[in-house]
Amino acid sequence: MPSRRERIYDIIFEADTPLGKAFDVVLIISILLSVLAVMLDSVPALHARWGAFFYFLEWLFTVLFTVEYLVRLWCIGKPWAYARSFYGIVDLLGVLPAYISLLLAGSQYMLVIRLLRVLRVFRVLRLMRYVGEAQALTEAMRASRRKITVFLFTVATLVVIFGSLMFLIESPEAGFTSIPRSVYWAVVTLTTVGYGDISPLTPLGQAVSSVVMILGYAIIAVPTGIVTVELSRSMRYQTGRVCPGCGKEGHDDNARFCKFCGAELDPGHPSGE
Amino acid sequence: MPSRRERIYDIIFEADTPLGKAFDVVLIISILLSVLAVMLDSVPALHARWGAFFYFLEWLFTVLFTVEYLVRLWCIGKPWAYARSFYGIVDLLGVLPAYISLLLAGSQYMLVIRLLRVLRVFRVLRLMRYVGEAQALTEAMRASRRKITVFLFTVATLVVIFGSLMFLIESPEAGFTSIPRSVYWAVVTLTTVGYGDISPLTPLGQAVSSVVMILGYAIIAVPTGIVTVELSRSMRYQTGRVCPGCGKEGHDDNARFCKFCGAELDPGHPSGE
Amino acid sequence: MPSRRERIYDIIFEADTPLGKAFDVVLIISILLSVLAVMLDSVPALHARWGAFFYFLEWLFTVLFTVEYLVRLWCIGKPWAYARSFYGIVDLLGVLPAYISLLLAGSQYMLVIRLLRVLRVFRVLRLMRYVGEAQALTEAMRASRRKITVFLFTVATLVVIFGSLMFLIESPEAGFTSIPRSVYWAVVTLTTVGYGDISPLTPLGQAVSSVVMILGYAIIAVPTGIVTVELSRSMRYQTGRVCPGCGKEGHDDNARFCKFCGAELDPGHPSGE
Amino acid sequence: MPSRRERIYDIIFEADTPLGKAFDVVLIISILLSVLAVMLDSVPALHARWGAFFYFLEWLFTVLFTVEYLVRLWCIGKPWAYARSFYGIVDLLGVLPAYISLLLAGSQYMLVIRLLRVLRVFRVLRLMRYVGEAQALTEAMRASRRKITVFLFTVATLVVIFGSLMFLIESPEAGFTSIPRSVYWAVVTLTTVGYGDISPLTPLGQAVSSVVMILGYAIIAVPTGIVTVELSRSMRYQTGRVCPGCGKEGHDDNARFCKFCGAELDPGHPSGE
């Protein structure tokens, strides 16, 4: 029979018991509420009226998350490994700012650290039925990271060259006061964001801009193509067929033999989501 | 021989008789005209001049749609099931506002409800030859909903973190007056909309913006990839013809013989496009 | 031996002789120059200085294109069929405005008709080696037109509903003065264009806008997915294998038998562009 | 045993020795630093304060890159071929502006030429493990260049026709002062950039704009589809392993046995990702 520590571990680290699921739902709601409170507190009008209430909420959630953090440390097998893991650090960063604000006069910079709490939602998602989905996405991202790097270098080169070109063509009155600022304009234009805070005034500048826009419009096809191809690969592996010989997964729909050990596979089930 | 009720049912609920098709065409034109009238009536200049005419039109369409709604209730087998179905509620919502405006001083909020009428167009589309097409799209959407959820959570996390970061970096003068407003800016930027109502003024803010823009430019690849892969799956299944000779699949709609063994195929089902 | 008329036909309607190619190159340059002249003439400063020269150019090109049009009529087998074809009408529209301007005081509306000349470039492209490419694109477009229609109806419904919702939420001061104008805003936002001429000012309006933006950001995946899947189908057919039995094209890379008549095909060549 | 010249060749032209890799890393950092210095020097405030330092840096990098250029010429087999190659010219253009500025009063136009240095980064990338990745991208681009050309011609035609249409509809007050400027607006709108420097004011103009926006929103699917299909082709060919047992292709990189017949495959070549 599992000890109390093991049962608590199942509740807060797993999601396959009713209690574990309930804990996850409560946790995700608490996280979202605490993030919402920090955000609303930054609105001057709301801070003036509800500031004390938001202060109370912040401490309520801080105490709750501190208790949760300590319980996680207590019931896990390797507390130190957890404390140094990505989610362990995020958990700690979610509660530290409140305590630091007691010592130091509350720095604004603590705000963003507090909001990093929102990352904790992903742990809960991981536990629930979204694991496989996130894995396919992460897999595709991982597989395409080098192509994406080459693409980002190309984009960086384009914005540097077109940005400095526009710095020569356009006058400072149009907003092109320096090369970094012109490169910022090139990013705004190439990514098709187009704030309009800096926009070309001369015919030549508008012609060059048009080239940058059409370029940006066309090359967005590249990351899309890369991710689509990789996703279609990583999603092909989702069929969940296991080799009866070596136990490995990752077989294509049309595979008849295991590609790792050569054993015959069971016929594929009609795959799908 | 079908009763009058059955014949009327065929006309208004089906689209395979000439009368049924004519009814659908008249209905779709009436819906679009009534939506157009409500929209144009909201333009002050047009309301001043044609207000009475629009008022007359609104009542004309209301009476027409009321009669249609009652006839639908009368000729269908299970009127109560229809009344509670999605399209039954939309049909009712399309006529209710006019009657309510007789009792209550006409609330503005009735306007949007009136315009929900536009949803009725989809029922007519469903009846016509667009069924299969819409199904493939809905299927792909349904299959990718979990991946899309993970993607939307990632987007939400990114806009919260980058929005609060920009709240610290930029001054209120640039428009970053609170975190919710900065998060709004982050949504405007990440989705490459770029109104320009709030835009960074400091070099550091512009650098962070550039990162957000390029991020938004690159990660749009993710939903595109997901939908493309799912669509290519759901569209492949639309032509699930099997060769009676060799049992293989993958035949085109216009194929008469198996491309693998040359055996004659069964005639294709009308599988859409 | 071909008659003079046949030789001239080969030159102006075909592109497989050196003379035919030279004619196409000269024609495409003339079209682009004449379009450029019309465009530059509309710039007030240039019109003031070079107006007479542009006027001369316009007549030069008009005479040239008139001669070309008449020669086309003369050397083609069925002049009347050509005159009523798409390109025949475009050819006529390219020269008519100049003659009409002699009779009527030059209407501005003739400008756009003159610029329709630019469409003539596509005939030349069709003749050159770009035929197959354009065909694959047109084929994919044709095959996906119903799905695109469903998608466009969905977009239209979304902009009507969100536009009228924003008309209620936002005040006329923010630019939401009528429903048609609010629908225009919804189009600007959903398509991620984002002029910023109308943008929400209230927190609720900004929240609804954020939903519209993320929606627009996500559903762009749908037409992209549709076109990608259809293009990948229509490009599969490009292998150019001809059935020795019935002479039809359109066989897949892995086909061994003709899908139209069941005859055995030659083994596929290593396809490519 | 390799001569000194051969050893130096290996260091600066190859990346498979520790020294060669170290050289590449130092080179890439130098290039990025020198580009950063030129960019920052263009900011008036920084130029006023650090101008002399940036001037010193520029000469430091110029001397370094000159020495590197001369050593490259010395140790390569065919110096003249290298000097005329793409990267040879980029290398020369990276150092020439500084020397020219000694003779001529420093022209602004030298700035952009200096920044072309950033292109040198791609040579280093080519040497490192990103070769295969870039090749797949370049391959896909090359294969789809004709379809992209047809697409760009279509976009050009659309912006000319819609631009001149808007020139007629909208007044000069809205910014539509000439056809070239209206075409610029059409590019800004069709590519979904949307600066907002020129935006329609009349209802008819806004209606036409909405058509252009939805068109731009929908046809972005075309280049994306093209590149996706070509990328999926060029990436499929990267693992062109053939089964020695049944002759079928389509094996994954990590496959050891044929998934169709179970025969052992030859070990995979290091085919990139």
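Per-chain numbering from 1; labels A, B, C and D assigned in written order.
In the analysis below, a residue touches a chain if its C-beta (ideal position, glycine included) is under 8 Å from a C-beta of that chain, and two chains touch if they have at least 3 such contacts.
These numbers were taken from a predicted model, which means no experiment stands behind them.
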{"item": "Steps in the shortest chain-to-chain touch route ending at chain D and beginning at chain A", "value": "1"}
{"item": "Same-residue or different-residue interface between chain A and chain B, half as cut-off", "value": "different"}
{"item": "Centroid-based (C-alpha) most distant chain relative to chain C", "value": "A"}
{"item": "Listed pair (C-D, A-C or B-D) duplicating the A-D contact set, over half by residue number", "value": "C-D"}
{"item": "Separation of chain B from chain C, taking each centre as the mean of its C-alpha atoms, in whole Å", "value": "27"}
{"item": "Centroid spacing, where centroids are CA-atom means, of chain B and chain D in whole angstrom", "value": "38"}
{"item": "Per-residue overlap in chain A, given as positions that touch at least 2 other chains", "value": "151, 180-181, 183, 192-196, 216, 220, 224, 226, 228, 232"}
{"item": "Touch list for chain B against partner chain C, complex", "value": "35, 38-40, 42-44, 108-109, 111-112, 115-116, 118-119, 121-122, 125, 129-130, 133-134, 136-137, 140, 148, 151-152, 155, 180-181, 183-184, 187-188, 190-197, 216, 220, 223-224, 226-228, 230-232, 235, 251-252, 254-264, 272-273"}
{"item": "Contacting residues of chain D [partner chain B, same complex]", "value": "192-196, 224, 228"}
{"item": "Interfacial residue positions of chain C with respect to chain B in the complex", "value": "143-144, 146-147, 149-151, 153, 156-157, 160-161, 164-165, 167-168, 177-181, 183, 189, 192-196, 199, 203, 206-207, 209-210, 213-214, 216-218, 220-222, 224-226, 228-229, 232, 251-252, 254-264"}
